Amino acid sequence: MFKECFDKVRNQSPLIHNITNYVTINDVANILLACGASPIMADEAVEVEEITSICSGLNINIGKLNRHMIPAMLLAGKKACELGHAVVLDPVGVGASRLRLETADFLMKEIRFSAIRGNISEIKTLMYGSGRSKGVDAAAADALSGEDVEAMAAALKEYARETGCIIAATGSVDLVCDSRTCYVIRNGRPEMEKVTGTGCQLSGLMTAFLAANPGNYLEAAAAAVAAMGLAGENGWSYMQPGDGSAAYRNRIIDAIYNMDGTILEQGARFEIIC
Amino acid sequence: MFKECFDKVRNQSPLIHNITNYVTINDVANILLACGASPIMADEAVEVEEITSICSGLNINIGKLNRHMIPAMLLAGKKACELGHAVVLDPVGVGASRLRLETADFLMKEIRFSAIRGNISEIKTLMYGSGRSKGVDAAAADALSGEDVEAMAAALKEYARETGCIIAATGSVDLVCDSRTCYVIRNGRPEMEKVTGTGCQLSGLMTAFLAANPGNYLEAAAAAVAAMGLAGENGWSYMQPGDGSAAYRNRIIDAIYNMDGTILEQGARFEIIC
Amino acid sequence: MFKECFDKVRNQSPLIHNITNYVTINDVANILLACGASPIMADEAVEVEEITSICSGLNINIGKLNRHMIPAMLLAGKKACELGHAVVLDPVGVGASRLRLETADFLMKEIRFSAIRGNISEIKTLMYGSGRSKGVDAAAADALSGEDVEAMAAALKEYARETGCIIAATGSVDLVCDSRTCYVIRNGRPEMEKVTGTGCQLSGLMTAFLAANPGNYLEAAAAAVAAMGLAGENGWSYMQPGDGSAAYRNRIIDAIYNMDGTILEQGARFEIIC
């Protein structure tokens, strides 16, 4: 039940360590507070092992990647794995440069991620080695139409099997898979693409959901994806005359703040493909 | 026509590479999305040439400058020039330290900028080697009164001729010049100074306008300046009781989100000095 | 009088140099503008002495600490002391890693701070060498109940005497002390904890209040703390249906923008323990 997954975040208030890009770092911290978790941001190699040790989840995001952050990602990731923490990778813009692709590959070899959360173009880049992403945004050509969903779900399940990670590919339809089961989630609004960082925020949120639901990663990851999409719907319902993408940015976080397990359970729209 | 300039941004959705300060990096990304462009933020020297190659415009901002970002600025700038992209320099706080002044000078020697956009104090510092800016804000003494406008327009045209760049000096009145023509733009509100990053946002916006209007840089730069000022006016019209500078920050971005070429054409207030 | 302390900020518009974490750097800049001060953010060692020389206050914040920022903190801090500027330390997350604790200790040995502003867990960590903070948030166990206040005030006064600094420990009750006098301030709302960076913003605000009130640091620090708490109350009074923590973030800054000395004087709730 998605309800339980969210309730556990609010009840346990997990402390989440984020090594994340500076574009959306404030939004990630704020959405973690809004969902009931507690954020700490730290990317200095000297302190990240200690920091991650007091946390219960680690969120690694390669957007606006800086070479000097890679050792911090590696050290924190290894320590978090050793401690059995939830570890999430967000491969922001992985198709935009060799550095980002090589870094994602390197981190995936060295760290056993609990989940990888990217837009559909980023996940395709990881799967096939090259993609069609437009910078950090998903390529229009990668949008899923009805009949594509089943084929993509099958491919993602296979990739989840290979990597041993939950794979979450988000877009107009969101797919969240392990090697056997795929949640097809239909929450959200297209206007969310006009707000920078909704993907980064979701990866933070997902880390909190996994950290609070250690025996139940697949459902927790799907619940986080549904919560973010539903926040996009609920936030939109409060839009006033003159509001635009900046108001919407705030309203999405506010909708997470005002959400609980029951609201999520009732608002989530998904089917499961086994 | 300013209308066309803006419509082209919305129709082409140019991908804009930003090497920009971390104070306002989120706002710059959000205003680029709001105007219909697509942002990518990247300042790691290893990847910037590759990143800028998939873009059509480059925005370099020296606010909160870090020495290690200068090689990235140089590499990206040279590559963007080689590819004929629009390249904009925002000399934030150039009068506040030797490092910033020397970096601006160095970049201007090495890179052929399409446009330089700063507040009036920053542009004077570039022109005369020293200025009176108060940190990153324009000095009150530099505010233009009626009779100063023509003299300043003449000086800016001369500086545009010397540098081969469009020069945009913003303040209570905004001047946008090439060597022969000066747009004098009277949009905007004084309360915009109470929001950090409206200048940085404008430089991002201007890069998108130039990228989408390659044969028409002067008018595109002027259109971007008018759009930002008009967004300040339109956003202000939605201010509610209790709102202040933080609400206004959002409302300015929202006004860009809700603007189109027709709204810009009707709201722009400017004269042209030849 | 708190009224005078705030009025001087608005009248003098002090330029404040911030070396601060990238999570909340934008909020710190915006709240400084909102209170009538002028912010400049600079953390590059090469330029910080020059930057701080044109300012009248320096705000050093060790959140999301990066090793490479420590030399900049040291250089700027020494120069600011030499010039007699107000210098504030915010020991964000000082209990979360050795690096942060050692850096705080090092900076406190090398720089004579005018004031240290942290949450109650952070201040306890500084005082006793180890604390119970949950990452960057105060530990629930550290919340002050009625009878604890006097004992804590006595301990803080002793620590103020040892260090020669104003000590401001914020939480459900805020204590602001020098070696002889303690302001016990009861403004604020618990929901402020759900917004990242209210502490960082307060440290920025406090630097501006000290800079504008050089002969009156204790009262100025207390006035800044009361202003932030009152902004939390006044901002909350404008919350609308659907609003949450992101709206609240903006409303707090807006409440500072809309505050003046008279509003502060009337809204501040405090007693003084001598």
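Some notes on this structure:
When the chains are written out, they are named A, B and C in that same order, and each has its own residue count from 1.
As a working rule, contacts are C-beta pairs under 8 Å (C-beta built on N, C-alpha and C of every residue); 3 or more make two chains touch, one makes a residue touch a chain.
Remember, it's a predicted structure, so these values are computed and weren't measured experimentally.
Its C-alpha atoms superposed on chain C, chain A is turned by 120 degrees; the angle is given in steps of 5.
Both chain A and chain B derive from one sequence, and where they touch, under half of the residue numbers involved are common to the two copies. In whole angstrom, the spacing between the mean C-alpha positions of chain A and chain B is 33. Taken residue by residue, chain C touches two or more other chains at 22, 26, 249-250, whereas all remaining positions touch fewer. Residue ranges of chain C in contact with chain A, taken from their complex: 21-24, 26-27, 63-67, 93, 96-100, 134-137, 193-197, 241-247, 249-250.
Residues 15, 22, 25-26, 29-30, 33-34, 38-44, 46-47, 50-51, 54-55, 234-235, 237-238, 249-258 of chain A are the ones touching chain C in the complex.
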